[in-house]
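Two complexes follow with chain A in common, the first pairing it with chain B and the second with chain C.
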Partner chain A sequence: AQTATASDTAGVKSEHHERLVAHVLLPCSSFSCVTTLEGHENEVKSVAWAPSGNLLATCSRDKSVWVWEVDEEEEYECVSVLNSHTQDVKHVVWHPNQELLASASYDDTVKLYHEEEDDWVCCATLEGHESTVWSVAFDRSGKRLASCSDDKTVRIWRQYKPGNEEGVACSGTDPTWKCVCNLSGFHTRTIYDVAWCHLTGALATACGDDAIRVFEESSPAAPQQPTFSLAAHVARAHSQDVNCVAWNPKEPGLLASCSDDGEIAFWKYQRPEVC
Partner chain B sequence: MLSGGGVGAHPAGSRGLGFRGAMAAASSGADMFDDIVMAEERFHGEGYREGYAEGSHIGVVEGRRHGSLHGAKIGSEVGCYLGFALTWQCLLHKCTDEKNSKKIKVLDSLIGMIRKFPYEDPTYDKLQEDLEKIRGKFKQVCSILNIQSDFRISTERSSLTF
Partner chain C sequence: MASPFSGVLQLTDLDDFIGPSQECIKPVKVEKNPGKAAAKIRIEADGSYFQINQDGGAQKLEKAKITLNDCLACSGCITSAESVLITQQSHEELYKVLTFNKTAAPSEQKLVVVSVSPQSRASLAARCKMNVLETAKKLTTFLKSLGVHYVFDTTFSRNFSLLESQREFVKRFRKQSEDKKALPMLASACPGWICYAEKTHGSFIIPYISTAKSPQQVMGSLVKGHFAEQQHLRPDQIYHVTVMPCYDKKLEASRPDFFNQEYQTRDVDCVITTGEVLRLLEQEGISLSDVDPVPLDTMFSSVTEEELTSHSGGGSGGYLEHIYKYAAKELFGIQVDTIQYKPLKNKDFQEVTLEKDGVVLLQFALAYGFRNIQNLVQKLKRGKSPYHYVEVMACPSGCLNGGGQIKIEGESSKDWLQQVEKLYESLKTEIPEKNQTVNELYEHWLGGMDSEKAAKALHTEYHAVEKTGTGFNIKW
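Here is the complex of A and B:
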């Protein structure tokens, strides 16, 4: 077993953020494999727990999304195999408080799924990106979704329920998701990940140009046409592609990032006083 | 109408040859040249029509062959799922405890989907979509029954991959 070595605290300070690098290796003694889920034909790209903790979603290069249910005896059972995407599925993420699942794919779309009559079905397809969608993230309310893509844009989608005041057409009882904002011109390469802070509402991106960017929604917010502005930009956050970013769910402004350079970095982000 | 206008502008008989006669000769000459000038276009059109007819015929034959091949593939795939599901349904019906009832429910769902699948209508617009749903349901069944979905179906070394 390896022992923990938290070293290399290289501090890069600037106005709104500071960087701490850590290579952390957990001791393995407290870690054991409980069960293995089989079914995907090849690489499994992403896995996510539903907020209830009773459902698990996985997605794979085999173009499918699987939903698993966990019972009291910790037995996992496949509840559904969804073949809605026409290409590899890169990422799955759950709605923060509902059993609504989102998936991002190489087929340039985001798809949403929910349970209907004992089976899971695709209830919305979000089309607009011009290349692979790498990741998706819900905001705190779950009414909005951010997606990031190889087309170097981040898109913000908003849910419109049937009979909405704005008059956005819905088919049947399913809500429609409409793109209300397109953040383009900020990123110079593919965007691998997007994270929406549920405490502050800040939106962070991990980009193939080695940079981390944070966007803030300009207030007063117009829900139909929100605008986001670049609040922080660390050009050389890592020495190679940034693959993933994650906000700490308890501590506002604490961001973790990981990169092809083999490092995990922690960032302290402070919201600018006046946008 | 062009010759009519000409007659009005230049009175006939002012020269040796009557104007009408000259016009007639010129127009028949134009027709002759027309035949030559337009030949390429005409033959092109004729060729196109003949080629189109022949191509349609060959296309129908080829399409028919492709369709029957592709249809047979789908038929054998879906048929295999149905046989598999019915066999397991039969096996599981012997003891219906709680664990089995869940499996039977998923099997019933797969059988229901296959029974609803419209084989006889190749123009059904959700054919591919429904087929993907059946494939997904079959994978779920395999997962729940704890069977590898790429199992070999018979003693022949033919793998169940479509």
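Here is the complex of A and C:
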């Protein structure tokens, strides 16, 4: 079934994307190191700025997630060290407009954190993936989260606040996050990254099978049970694992990808007329 | 709950639950009999291993053991699976000694001494809904009913830790111009912090750390030194147990620095946590509130059998406060009665400043919990720390919130901690300088404050742990 899906949609690809490859060399003179943050015990896997620009999150193979604060003098101070994950942490990402942090880990979970009094605490654990969660991405509203995993699935999680109409149980004042969609059968290897376009709502994935896929939400959207369909599939986007995908925040449909093959590629994605 | 150790230790790989057989870089010594090269190994249903010889005979194989000492000496990835590591450091071990005493010949029996920390006592008091004195008396009854001979209080030995820290600070302050690493002096009572400092920042941070022993280890010197002499016993004829709010204290007791080579005995043989005392009570089917109280042992106490004392300055021992007041008086002739703490980034990072005519004379800080330790160390590395002394503790909120304390399900941890703090602070405070027994011990046991014997009994040293690569640290 998986290969059938892949070849069915393979035809779509030529119409909906074009590839530009860039080998990037950064001019060294334009950058200087301002500060080095020390503290993690070993490999630091991911770093992300909060929307306010005053907070920074990092995560590492040492299983911890750190939140840093930047003060007026460009001094960075550690505000919290979160030891909630039981295995190494692969990725951190902030909510698009709130101080809510998400992390993905080798312990198969996604965890969410917020500030409580003067420290950060884990306020939700998203369980469901059957293997390492490699990456997470919020949608534009921040009410939904996509996670991708070594279990070859992408899962969509939705936030339910206490007292929600749907009657989803919450503990205390923290919202509950529930898996509302499981995209399985599309990917043949580990999915390393997922990017949710805040302009178009398209969901792109980077996969260990060298492919890039784009998913679109079927309309009319049913918030409790959204369905996503494969809108584009570039089977050999790169000659090796695709590690990361990123949508341009200004230009709709401009996607960048990078791979073990050493290349960074840019793609133009056009939404199919009828989905 | 993944680990009982403090957050600091969890981060230093001490808590990787990786099988030692795969990853431990410490060579494990197993007594091996020379024999033929090839052998079969059979694993029994109970998990024991038998070597099957060619003639068909079976020989039980010894298990490799890794001790806490191995782990302290190693920067590699370490398992702390309790079954492997804490075999020497559990209430089961105390049971073994007490059981042994019941059947052994009188000459082989050990004198069992338990030293209880005031933080543990406050936690138990809150759990059993009793006042602190009542808890102390009833705990004494309970421990003695198990076969313990003496029950002491580490508040007493803390007098020495405080006095030695005070004097060390003033000495360091006076030589700050010639010794760049004299200040800031960093507290030494928290073993989680010490272990982290040795493993992660080694030779950079060690010179700043006060050499004063913690109350637990001063008690170790007292019990195996002075008390043993008084009882006409060798140190190894005493089994010394402490009750602590913190699992990391087990690591401290296991340090080679606190091992008496001559008599092959540790100053503190076994550390059990407050939570483990509660488990002891539960195993015996006893509720502490139902026990009849007995008078307290007064040999190492400040006052009488009907009273307990504490020190001012909070549940982590009051190091900052004692050193601050002493230094203000000694260095600047200023009498400080009350101390104003100024919270900075968070409640676990507070500052105290002594000013005169707009000039800062002393600037001290409390830094509790890993994030604040981290910021302190980074500030030090960048030469931006303004402090003369920092009371560093690994646990957020300090020792009353230690990992070995009793947790109550269904109660908010904040409310619970407040109850424990209130009980801890309910006692009358004493001033270490005014404790007669302490002064007499300095004179008669140690031969004065600056004697060599005092330095040995009350101070220790630290050892940077060299980083070595482990299997998992391979760079691709």
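In this text, the second predicted complex is superposed on the first by the 262 of 275 C-alpha atoms of A that agree within 3 Å, B and C clash if a C-alpha of one lies under 4 Å from a C-alpha of the other, contacts with A are read in each partner's own complex, and residues count from 1 in each chain.
By definition in this document, a contact is a pair of C-beta atoms (placed from the backbone, for glycine too) under 8 Å apart; a residue touches a chain by one contact, two chains touch by 3 or more.
Everything numeric here is computed off the predicted structure, so don't read it as measured data.
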For this session: Sticking to the clash and touch definitions up top, decide whether chain B and chain C on chain A clash or fit.
Result: clash
For this session: Return first, second, both or neither, reflecting whether A:S64 touches chain B, chain C, both chains, or no partner chain.
Result: both
Exercise. Between chain B (first) and chain C (second), which does A:N42 come into contact with in this model arrangement: first, second, both, or neither?
Worked result: second
For this session: Look at A:N243 in the shared chain and tell me whether it touches chain B only, chain C only, both, or neither; answer first, second, both or neither.
Result: neither
Exercise. With the two structures laid over each other on chain A, which partner does A:T109 touch: chain B (first), chain C (second), both, or neither?
Worked result: neither
Exercise. Touching A:N83, do we find chain B (first), chain C (second), both, or neither?
Worked result: both
Problem set entry | Which of chain B and chain C A:S257 touches, first, second, both or neither | neither
For this session: State the stretch of chain C that overlaps chain B in the combined model; pick it from 185-193, 293-301, 329-337 or 437-445.
Result: 185-193
Exercise. So which bits of chain A does chain B touch that chain C touches too?
Worked result: 38-39, 41, 64, 77-81, 83, 118-119
For this session: Could you please specify the touching residues of chain A with respect to chain C in the complex?
Result: 38-39, 41-42, 62-64, 69, 77-81, 83, 86, 118-119
Problem set entry | Partner chain A, residues of chain B touching it in the complex | 102, 105, 109, 132-133, 135-137, 139-140, 142-144, 148-150
For this session: Sort out for me which residues of chain A touch chain B in the complex.
Result: 38-39, 41, 64, 66, 77-84, 118-119
Exercise. Which of the residues in chain C come into contact with chain A in the complex?
Worked result: 2, 7, 10-13, 200, 345-347, 370-371, 374-375, 378, 381, 396, 473
